[in-house]
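Every chain is named by a letter (A, B, C and D) in the order it is written, and numbering of its residues begins at 1.
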Amino acid sequence: MKTTSFGEWVLYGGICAYLLTLLVMPSQLWLGFTINALIVAILSVAWNLLGGFGGQMSFGHAALFGTGAYVTAMLQVRWGINPWLAAVAAIVAATAVAGFIAALSFRYGLRGSYFALVTLAFAEVLRILASSFEISGGGQGILVPYKAGLANFQFADRSTTYALVLFLVVVAMLITLAVQRSRFGAYLIAIRENEEAAKALGIDTFRTKVLAMMLSGAIGGAAGVAYLQTYLFIDAPIAFGSTMSIEALLGPIIGGAGTVWGPLVGTLIIHGLGETAKHLVSGAPGLNLVLYGVVLMVILRYLPDGIVGLARRIGPRRAAPTAMPEDR
Amino acid sequence: MLEVNGIKAGYGPVNVLQGISMTIGDGEIVAVLGSNGVGKSTLNNVISGIIKPREGTVRFDTVDITGASPRAVVDAGILQVPEGRRIFPNLSVKENLELGAYRRARERMAVNFERMCTIFPRLRERLGQLAGTLSGGEQQMLAIGRGLMAEPRLLILDEPSLGLSPLMVEEMFNLVQRISQEGLAILLVEQNVVQSLAIASRAYVLEQGRFALEGPSGDMLADPRLRKTYLGL
Amino acid sequence: MWSLVLPAILGGLTTGAIYALVALGLTLIYGVLHIINFAHGSLLMLALYGVYFLYAILGIDPYLALLIVVPVFFVLGYVLQRGVISVFSLGKEQNVLLVTLALAIIIDNLALYFWTSDTRTISLPYAYTMVEIGPAFIPLPRVIAFVAALVAAVILWLIMSRTRLGKAIRAVAIEKRGAELVGIDVDHTYAMCFGIGTACVAAAACLLLPTFYVTPQVGYAFVLVAFTTVVLGGMGSFMGALVSGLLLGVIEALCGLFLGESLGQIGIFLAFILILLFRPSGLFGRRAA
Amino acid sequence: MSNDETKFGPFPLSRRGFLKVGGSGLALTAFAGTVAAPTVLRAQTPTVKVGILEPLTGNLAYNGTQARAGAMFAIEAINAAGGIKSLGGAKLEAVVADAQSRPDVAAAAVDTLAQAGVSAFIGCQASALGLASSQAAARYNLAQVFDVGTAEQVVERGLKNVFRFTPGVNKCTSTALENLKLLNQNAKNVVKTVAIVYEDGPFGSNMSKLLNERLPQIGMTVVENIGHPTPQRDFTNIVLRIKAAKPDLIIPSNYLNEYTLLAMTLRQQKVEAKAIYSILGGAASNIKFVREHNDAAQYVMDCNHWYDPRKPESQALAKKTADAKLDLTYDIMVAYACIQLIADSLERAASPDREKLIEALASSTYAGSIMPYGPTKFVNGNNEAAQPVNTQIRGEKIELVFPKEYATAEAVFPMPPRG
């Protein structure tokens, strides 16, 4: 049984403290920033289930996010369906889309960069479809009328939105924890480490991967719903564009892929970094993103296991691996 | 000509080799024997410059090549024919051979190419074919041929008999002996104890990162410990 | 509508030639280094700016600029791979992808900072010289680009099949350890690949600018199509990249004609998905052993 | 909305206290150091902060950067003229935020602006961004003056903090069509058929829908209606379709890059139309396009936002823009005018307080901006007095040709045959 290192206690404790402080003492500035980061974090958790645990790197998680957002928006605006019901339908739809993409890709044995590219292509197809038809608002996107109220899934008070999004993040992380401790999770990790061997051990790798993607789809769809109800607007480039897909995978990889906390840690740090960079070089558009890119590279170079990996190495836990000599 | 002294090396926190010393003389066939996972390939890779040792030295012709790059080791004249052959499957047989002379003996490539065709007549028939389509034995021939193209002074053969039919194994060992008769020193790393000892002048037995036995092949064959452990006698 | 089919096909072929040119560099990098180079579009953008400034400041014709931009970008690519990508990725595949992503972010935004987001175009007299081919008028620069794509593919094919470097590149691509053991400098070969790939993008920029524009975001317009081209053609296959680039140009033109330009884009991605599913080795790639 | 505001959050004190601090420009100096660190503060002169929320990166970076420049010119001019007199000559101070061409970022950036204590802000070039930002700003009772935000949804949400100074798509289209009808009548109705080329985003597709409904009402038949994505790499197909349809008039509604490619391709394929008349088209009112593709640009008309070139302040702006080596585009003009509007309202409100400023804006009858508008009249946040004008490219210049009272040149319609 693994124990938690001192560094991890500090890291997770700090994050919990921040998130809880914001819950009881809302600051508008930090709320706006954190809600945005947490929505991306939900999608990152979704990505992490398949990409972090299962080793199947998707470059098109926007397909799931966008499906969630679009289905809610369309049901709500076009047919006046209650937003809560629409949310459930959206999550089901995103799960179905995930299942379809996964079944098709894995049936034909796509993996590695091929899988990455095919998911990217599916997201692009959805983007084009969404912007081509009247029912999805065409190029104009869909604007959800602002009518605050619990029944409408919209809240004038952003603390409530925040609490809801935070709740979703916690649920998503609990699902990750459950997966990690389950036999299903063990199968996934086995597939990541060596798919052939996993198959030889009698694991139904196809079924496992498809299920993981569907679970990922459900969570990713929820992220889309949360986005829509927060910003009340969706269009094809936001929903299915590559920006969202990239954000989905940056969090887990920076934070620590295949860990429960990695996606949340990574997303919060990246967003914090982006915000800081914006203030450091305010008035010079682009330079903040340059700085962001540089820091991203430095993290890749010096923190190969992500932030969570770094935290694990801080403080006593087990035999200190610092004695490990230079390899290469 | 090759002097290995007190090598410790490994991956991660584990030392696979725990202090290895050996020598190879000019034109000599020396065998390193041992079962799977005792560190034979690690030793090869240390000599070839792929793994940097944590302790110890490797000298070749009295020049210190410890921790040199694989290219520098090739330049010095040591060629490894690795386990699993590592030929280039998407290149033709001819191109594979030509790449053998990538760094050494480039100016004599044509001559050596002819020589390889003579030594391995079966490769000559398949020059235009993609290397990946050859049989296992042919691939091993090609791997050795590729190594010889560089006119090495020391050839390291890592498990050349692995995965070959008994007939092919026989042919392989004959070949190794023939090559060495032209004055080439050979380090033969094998699990196949009997046939290796038959052609090697001296042998080392590697067990758990250390040499358990060493000496002339004849003495080794007679050693009761070896007979018991490796020959089941 | 039907009378437009032939002109649309011809037009599609010339657009496809540009896709092929951009993809030639990418297929080399993808085929050998096995990485998805996200910075490819950014490098195209950078090269377009190079060509633009050579013309705007020094009055150098884009076709003459080939002689300057191509070698400069070869060096740039070499240095990027050796000094940045391999250093920051620690040689891990998933990291390489993220490093090139970070590089793309850095390059794009530096361009935005220094050159602003102005759209820049150059107006050349021969941009309006038309070549009449059957029922279609094709602008001269497009015809030149088409021929150049063919020439570039042949040159690359010659480099790969006839030269020592080409053999080393192919060897490293599939059997890195074996290549190391015959004394091939793997890092150098990777960097050469990246350099040649980047040089291809620079050549594409010289041929593209006479009929196109440049902004810091221009790379995105090409990079996804370039990936599609690479996969469709088979990773690392130049003839594949050439043919599939042309094919995609035609598919795009015909889908645009019959489905409308908005929905028509879908043709490329559907083709992409179908190829990935049913023939992941591409039209010209060998099936994986 | 305001009912919701009072019960904002479990800690009403923090919310309201915050508003109070945020609302008083003088008390803000304490905040400014910690958040968003804008320009250097002068110790004695009182300042009023004005937000500039524009897409400085991403797809719309060009428009956003231009708009920021326009706003900065306006602030400079107003400060040089003595600042806000009713506030003791308070200087305007810009707080710039980047919307990154993404609605969620635009919404989040409003928090930064509010925290920095702006009294109002201008933004954000695209309707999608403006929709998101104004919704976020509603929570702070913070006024957003839309520089460009043509989608009618902008003013249909009942938000009290939305002030669209410039005309929306409906107004632009109807004015454009009225003017087109007049032009055509004067030319003995030579134009009978029309081809529309539009970008398939919110702006272009909306426009195309309206045009298809209304062009028949002025006796014109739509023979081709072609949408394309942004970016579109190749216009050969589109131009071939236009060529086959032989329209008298081409109406492009797209952004600068695509317009440039379209114009080049039209010329390459030797398409001769009697006129090119764009509505809110980026290029026909862009001097860079005129400079770089002068031949292709001749006689192209646009119905767009444009300033009244005869006003001295307009001429001063043109000079400032040229001195800064920037191209004079409508983005610069409208951003300039929006700051003028805010300054006027501040003057009347005599307070940097957000709520007071909203009241002042809502009751504005300002007529002194550089735009060719009558006295401002906001109805549901829409400035009823706003109107677009017609420009035409003539030689090296963009001339204003319609309406007559602002015109600097006579319209040429149809355009003379080339050659």
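The criterion applied here is as follows: a contact is a pair of C-beta atoms (placed from the backbone, for glycine too) under 8 Å apart; a residue touches a chain by one contact, two chains touch by 3 or more.
Remember, predicted model here, so these are calculated numbers, not experimental data.
With B-C and C-D as the two chain pairs, more C-beta contacts join C-D.
With centres computed as the average of Cα coordinates, no chain lies farther from chain C than B.
Separating the CA-averaged centres of chain B and chain C is a span of 43 Å. Centre-to-centre spacing of chain A and chain D amounts to 35 Å, using the average Cα coordinate of each chain.
For the pair chain B and chain D, the distance between mean C-alpha positions equals 75 Å. None of the residues of chain B touches two or more other chains.
For chain A, residues that reach two or more other chains under the stated contact definition are 128, 131-132, 139, 285-286, 289. Touching of two or more other chains is recorded for residues 109, 112, 216, 260, 262, 265 of chain C. Chain contact summary for the complex, chain C toward chain D: residues 1, 3-4, 7-8, 11, 15, 109, 112, 116-119, 121-123, 127-128, 130, 137, 139, 211-213, 215-218, 220-222, 252-253, 256-257, 260-262, 265. Those residues of chain D lying in contact with chain A across their complex are 1, 4-5, 7-11, 14-15, 18, 35-39, 56-57, 61, 64-65, 96, 98, 102-104, 107-108, 110-112, 114-115, 128, 131-132, 135-136, 138-140, 151, 153, 157, 159, 199-202, 204-206, 227, 229. Here chain C touches chain B in the complex through residues 164, 167-168, 170-171, 173-175, 177-185, 286, 289, going by the rule given at the top. Contacts from chain C toward chain A in the complex involve residues 30, 34-36, 84, 87-90, 92, 94-95, 98-99, 101-106, 108-113, 216, 224, 227-228, 231, 260, 262-263, 265-266, 269-270, 272-273, 276-278, 280. Of all the residues in chain A, the ones that touch chain D in their complex are 24-29, 31-33, 36, 128, 131-132, 138-141, 143, 145-146, 148, 156-159, 227, 231-233, 235, 238, 243, 278-279, 282-283, 285-286, 288-289.
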